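Order of writing sets the chain letters: A, B, C, D, E and F. Residues in each chain are counted from 1.
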Amino acid sequence: MSVTPELPIIPKLKANAILNLLARGQRIDKRRLDEYREITIKTGYVPNAEGSAYVKLGNTQVLAGVKLEVGQPYADAPNEGVLIVNAEFIPAASPSFEPGPPDENAIELARIIDRSLREPRVIETNKLAIIPGKKVWIIWLDIYVLDHDGNLIDACMLASMTALMSTRIPAIDVNKETGEVTIKREETQGLLPISRLVTTVSVYKIGNYLVVDPNQEEEALSSARLSITVTEEGLIAGLQKAGLDHLTETEIEKAIELALNNAPKLITAIREAAKDIRAKEGINSEGG
Amino acid sequence: MGVAAEKEKPKLIDEKGLRVDGRRPDELRPIDMEVGVLKNADGSALVKYGNTWVLAAVYGPREAVPKHMTLPDRAVLRCRYRMLSFSTHERKSPAPSRREIELSKVIREALEPAVLTELYPRTTIDIFIEVLNAHGGTRTAGVTAAALALADAGIPMRDLVAGVAVGKVDGIIVLDINENEDMYGEADMPVAAMPGLGRITLLQLNGVLTPEEFRVALKLALQGIKRIYDMQKEVLRHKYAVVEE
Amino acid sequence: MSVTPELPIIPKLKANAILNLLARGQRIDKRRLDEYREITIKTGYVPNAEGSAYVKLGNTQVLAGVKLEVGQPYADAPNEGVLIVNAEFIPAASPSFEPGPPDENAIELARIIDRSLREPRVIETNKLAIIPGKKVWIIWLDIYVLDHDGNLIDACMLASMTALMSTRIPAIDVNKETGEVTIKREETQGLLPISRLVTTVSVYKIGNYLVVDPNQEEEALSSARLSITVTEEGLIAGLQKAGLDHLTETEIEKAIELALNNAPKLITAIREAAKDIRAKEGINSEGG
Amino acid sequence: MGVAAEKEKPKLIDEKGLRVDGRRPDELRPIDMEVGVLKNADGSALVKYGNTWVLAAVYGPREAVPKHMTLPDRAVLRCRYRMLSFSTHERKSPAPSRREIELSKVIREALEPAVLTELYPRTTIDIFIEVLNAHGGTRTAGVTAAALALADAGIPMRDLVAGVAVGKVDGIIVLDINENEDMYGEADMPVAAMPGLGRITLLQLNGVLTPEEFRVALKLALQGIKRIYDMQKEVLRHKYAVVEE
Amino acid sequence: MSVTPELPIIPKLKANAILNLLARGQRIDKRRLDEYREITIKTGYVPNAEGSAYVKLGNTQVLAGVKLEVGQPYADAPNEGVLIVNAEFIPAASPSFEPGPPDENAIELARIIDRSLREPRVIETNKLAIIPGKKVWIIWLDIYVLDHDGNLIDACMLASMTALMSTRIPAIDVNKETGEVTIKREETQGLLPISRLVTTVSVYKIGNYLVVDPNQEEEALSSARLSITVTEEGLIAGLQKAGLDHLTETEIEKAIELALNNAPKLITAIREAAKDIRAKEGINSEGG
Amino acid sequence: MGVAAEKEKPKLIDEKGLRVDGRRPDELRPIDMEVGVLKNADGSALVKYGNTWVLAAVYGPREAVPKHMTLPDRAVLRCRYRMLSFSTHERKSPAPSRREIELSKVIREALEPAVLTELYPRTTIDIFIEVLNAHGGTRTAGVTAAALALADAGIPMRDLVAGVAVGKVDGIIVLDINENEDMYGEADMPVAAMPGLGRITLLQLNGVLTPEEFRVALKLALQGIKRIYDMQKEVLRHKYAVVEE
């Protein structure tokens, strides 16, 4: 059951301050309405992961990691690797997060990121068969929200895309007779093949204003959200409206514009963060 | 979309510009709606978009059992979308899938802007959506059915909500895509709206579109939604008239 | 844990009216004590199911569907198909049904129907091996209660038996080398082989009276139930007593009599409903 | 019954008319009963029908923790039947099976008519039944054990309840069927009753019988139940006598 | 989440009596502080189990059973049998036990016993391969607490060790072509190979006193527990501190001493209990 | 220990008496500590023992939602230890393992003796421990991090708690064992203590030791704990000093 959430309470004075500033085109932290907070991306953060990225977006902190396992392909795509995306909002990250299995918000976030990677074929899964029809790489992308100060989807998308860009495929031994595959994680056979970069830009409606990258207080005041997936070529590769309120056609048009304008900066940030790892492996980080 | 598109993709638009089921790009499937189909529920509706059949039932406003799950200033909407196990080609396990959990949220948020929840503080309105047969567009048919069930339950709304999915198949933007178009097409975009007020309450896109294609697709969706909305009103008017007699 | 249920509350006046009528051999809806409500059965209701039936029994509405999958046989019956029965009381069907996994009532109902089909070998599972010892048909029979106005077991049994009677087995391709089986659901290779028809007659004790097919209010007043499975030959193929109260030996005798008298009508209703589908496939619907 | 009957079915009745374990058709297995076997439980009993061993424990009447699960006019019975994981030939997973969930209900409903729950409104009586070793007839041995445990806990009852399964094997109606007879026989019919009052509280049939066979089987079950009931009374009398001394 | 437990309430007078006696080196049931209650061990208690033992320690009653199944070895030990230990505190055993899956106390107990058997290699799992690398014996050791009157770990360890000592391996048929293994439980091929015996001695801190084998009331007054696994050779093969309070280095030293002193008696009790079964199979019960 | 020791066990102590990572037997791995790393949590710390990285967060004392889970005379500690799915060589399923459930208890009981819970009756103190990367000693690094997070949250404690695992590898007792030493060594003994008070709050042993080896190992652990404890105090002093300025 999906249930109307109880909204977090923002003190009246604070709420008014935020709204009054928005009316003048300003934010409480001096940003413009269409401006992201400072972005820090660290690649290769987790030694045991095949790929990982830590992202700090303002005070929001998230960690994405990639593990590769050998498994069976889907029956309808016997020669393709398999991507599985999970997200967890750990209870350390906010007093409002409960321990337990992922709730609908974490599941929605994971599925938005999953589709944003899958639909524009970001990972070249057709290069990830080991024994065609029998054994392929399973790509486990796990995302953890460590500290929640708003705009989780964009932070998690940045971390996910960067973690995938920095993922090394371990060496393997294939037993020709039995078909058993042994992973040798201490060696690597190259980077995960990536065809193109994508990012999301989530646009939030607060009162009658549209902003990007809200902090937690702004997010608590917002009534609707539109997350827009944009590819490095400027195509729209995913949309997801959320929130208790509606959007008008005009608002949607404006949100798309905000997304197309902001995406290049975010994609550059990902590319920069993954540059060293991809250079080291002799692969240029300009995508495919 | 995606993986399946690689292999044996059938031709989705023929030389006459018609679709796999003979429809024009801007044509809806045959749509059928019925309200008040269940005795126990406070409101109910059965909606069919071609072979996509969805049953919606509404209970409420009613007292919630764990008190702390209510809100002091308005009713809580609770929404569950699910597919019967034989509604799909391969049997669906009855355990709730991640997809069903996400769509329950997406559908709830498509209905929230319409319901005057502030009239019923400290109560719960339960919406159950059961897909009897799935052939593309189950979530949007679900929104259409749920809005009818809410109206049938006598719950005051700002406007009805209706939904339909548009898509891009063989490069063409088409209305009300069916399962084959969803599977082999390039994009699938479900939309729901309150047409009388020009408010869009559900918008998702799976697939890749240019910004221009997106604009065209959204317009087409809103046109289709308007037609479905007219059918909703007709069905309710008919039921109301019958009651009046 | 099985827990004493809270009984639904029937207004005192209504309860007295029902009991006073029963004393005179009458029901509130003018039926005799041993009389069923009107039965509507629609076969082939769900296009994606291999077999399905919708049943309306008075205001009770249920839907049963059959999906066939290919799977492994049980080790102790390597050449037999496998039947798996599930039932769900969806929360739409009654204000007293909760969302969540099936409760003890739904599980009991599914198991009564399972045994009623299994013990008298209704389905000729020995004809359902694909590769003996390795691959057989798995018959998933799923039952949904859509609207609850009493006597769910009989309504669900009618729907189940009719759904099975109308089930088409899809065509298959067997890969001789790998033993892999591909289902081609668009084609059919014939109907599910049925050896005999069964039905249940559930007899309810209200006060000192025994009635069949109660509506929800009558059921709420009943203190015990005996569900009796009867085959088309008039054999007893299953019994299940339920409820907070007991039955005497005399009451049981009388309930059996009610069951044997009512079963032929119910079996005829199933046969009629499935007639067209079975005729179309060139199989006579008279059972085996 | 059923599937297993197809292959290698052993002869269940020999030329002398005796059963696989040497019993006559109307003979019970050796039955053993002990009450007060646990220190913590308010009442307890260990009952053995041959190699079928069942432990029952009763707690209550006691206050229920979630208040809303009580009833204003009588005690709530809560009953759990389960098999220890090593009680069966193949190890049983400890997760509750659908069979265990059904039998918990069937056993509760076999005991409900006997307990004077109206004496203890707003309380709970918990009945835990653990099958230590399974060799046919665990549910009926469970009812017999639970009734003893209820009596041992001092909970007032209209009458004791005792149970036994009858069956049809090689065409013969037999009393107290064991596991082999259950597996390869034609029918298995568990029955429980309050013999002093002539009230049947549990009746199930798995398998196929003619109406006449059914009548014979029911009579045979009631005769067996009467004998088990006498043993129950003897065991309780003995314990009571010991306490008196 | 592990949560601070609510401690059972012991009446003030009773608590004082216990503490006053301890100060004089005595227990309420006249035992010395370092003395166990009477131990009863019955082997072969459960006919359907391959091995089993019932243990009564004072009024604490527990039952351990062993089932053997054929399964796959772990990838990193392809020629070794697999031990899986589960414990359940059934709700019959105490008013404070709830129905449901094992809680943290039952899981901790099972894991202590698992490690106590695994680390000193009590079971010669290297003799339990059936088809090396493919099929090995899976040893399911399941422990049930039937009646709780304190010191569950030691009672369960006694039952577990004795159940294993009395476990018979069933005969098998191996199909040479398919590699399928059929278990013939009615025949036996010998006893489970045991290399050495172990036991645990759990030392409880009550006030400033250290005692062994407390009953439930004493246990409720204790603030910390140290369970010490001892082998028949007097080696320490496991430790686990539990409880809300600390232990000093001196207390730990003293607890170890109590363990080394008590272990031989417990090991003798196990050996005695299993003597007949092991003698019957022609294997001497002196361990290996 | 155990099974893996059978095959391809690497040499764990070289001819110079040094360990696989070049450390002397009584040498800790490089240790790094940081407090206040999270904005939302009331207290937090990130602790690294070599490649073992653990994040701890504390919320509380705060009101508990289900009231009946509080205690009238003191705060309830709630503790959850878990490993992120990519923190290990093979991906760890996110479902809580039995090991994680046990270690949550063991860690809670390592902290309980230190926290002055009696000052905050009817409240809850939540401790969340997340292993970011696992390379041996995660539970003891978790205790060290949790104690820092409790201090960072301003919760009064009798003393800090610090932990470290000692082990026996190739016959030698060594301090702060890493993953390889844990896997191929003969024994692994995690210990935690309040060094200022000489109180041991966590003690486990997996593996086999003589009583004499045990004594040596415990002494070595307490020495290592003392050094880690000094680092904890330094980190807190530094943060406090910065705040003072």
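One rule holds in what follows: a contact is a pair of C-beta atoms (placed from the backbone, for glycine too) under 8 Å apart; a residue touches a chain by one contact, two chains touch by 3 or more.
Quick caveat, the model's predicted, so the values are computed rather than measured.
> Which chains make contact with subunit B and with subunit E at once?
Both subunit B and subunit E are touched by no common chain, going by the contact rule given at the top.
> What is the touch distance from subunit A to subunit D, in steps?
Counted as steps through touching chains, the separation is 3.
> Between subunit B and subunit C, what distance separates the C-alpha centroids? Give it in angstrom.
The answer is 31 Å.
> Can you compute the centre-to-centre distance for subunit B and subunit D, using the mean CA position of each chain? Integer Å is fine.
Averaging C-alpha atoms per chain gives centres 51 Å apart.
> What is the distance in Å between the mean C-alpha positions of subunit A and subunit E?
48
> Residues touching two or more other chains, restricted to subunit D: which are they?
In subunit D, the residues touching two or more other chains are 80, 126.
> Find every residue in subunit C that makes contact with two or more other chains and list them.
1, 99
> Starting at subunit D, then subunit E, how do the chains run round the ring?
Traversing the ring with subunit D first and subunit E second gives D, E, F, A, B, C.
> Give the list of subunit F residues in touch with subunit E in this complex.
Interface residues on subunit F, with respect to subunit E: 1-4, 6-7, 69, 71, 74-80, 98-99, 101-102, 104-109, 112-113, 117, 126, 187, 189, 193-194, 197-211, 214-215, 218, 222.
> So in the complex, the part of subunit B that touches subunit C is made up of which residues?
38-41, 44, 51, 53, 55, 57, 59, 62, 80, 84-91, 94-95, 126, 128, 130, 132-135
> Subunit D touches which residues of subunit E in the complex?
Per the touch definition, subunit E meets subunit D at residues 46-50, 52, 59, 61, 63, 65-67, 69, 86, 88, 90-95, 99, 101, 140, 142, 144, 146-149, 185.
> In their complex, what parts of subunit C are in touch with subunit D?
Subunit C reaches subunit D through residues 1-4, 6, 74, 76-77, 80, 104-105, 107-108, 110-111, 115, 118-121, 125-126, 226, 229, 231, 234-249, 252-253, 256, 260.
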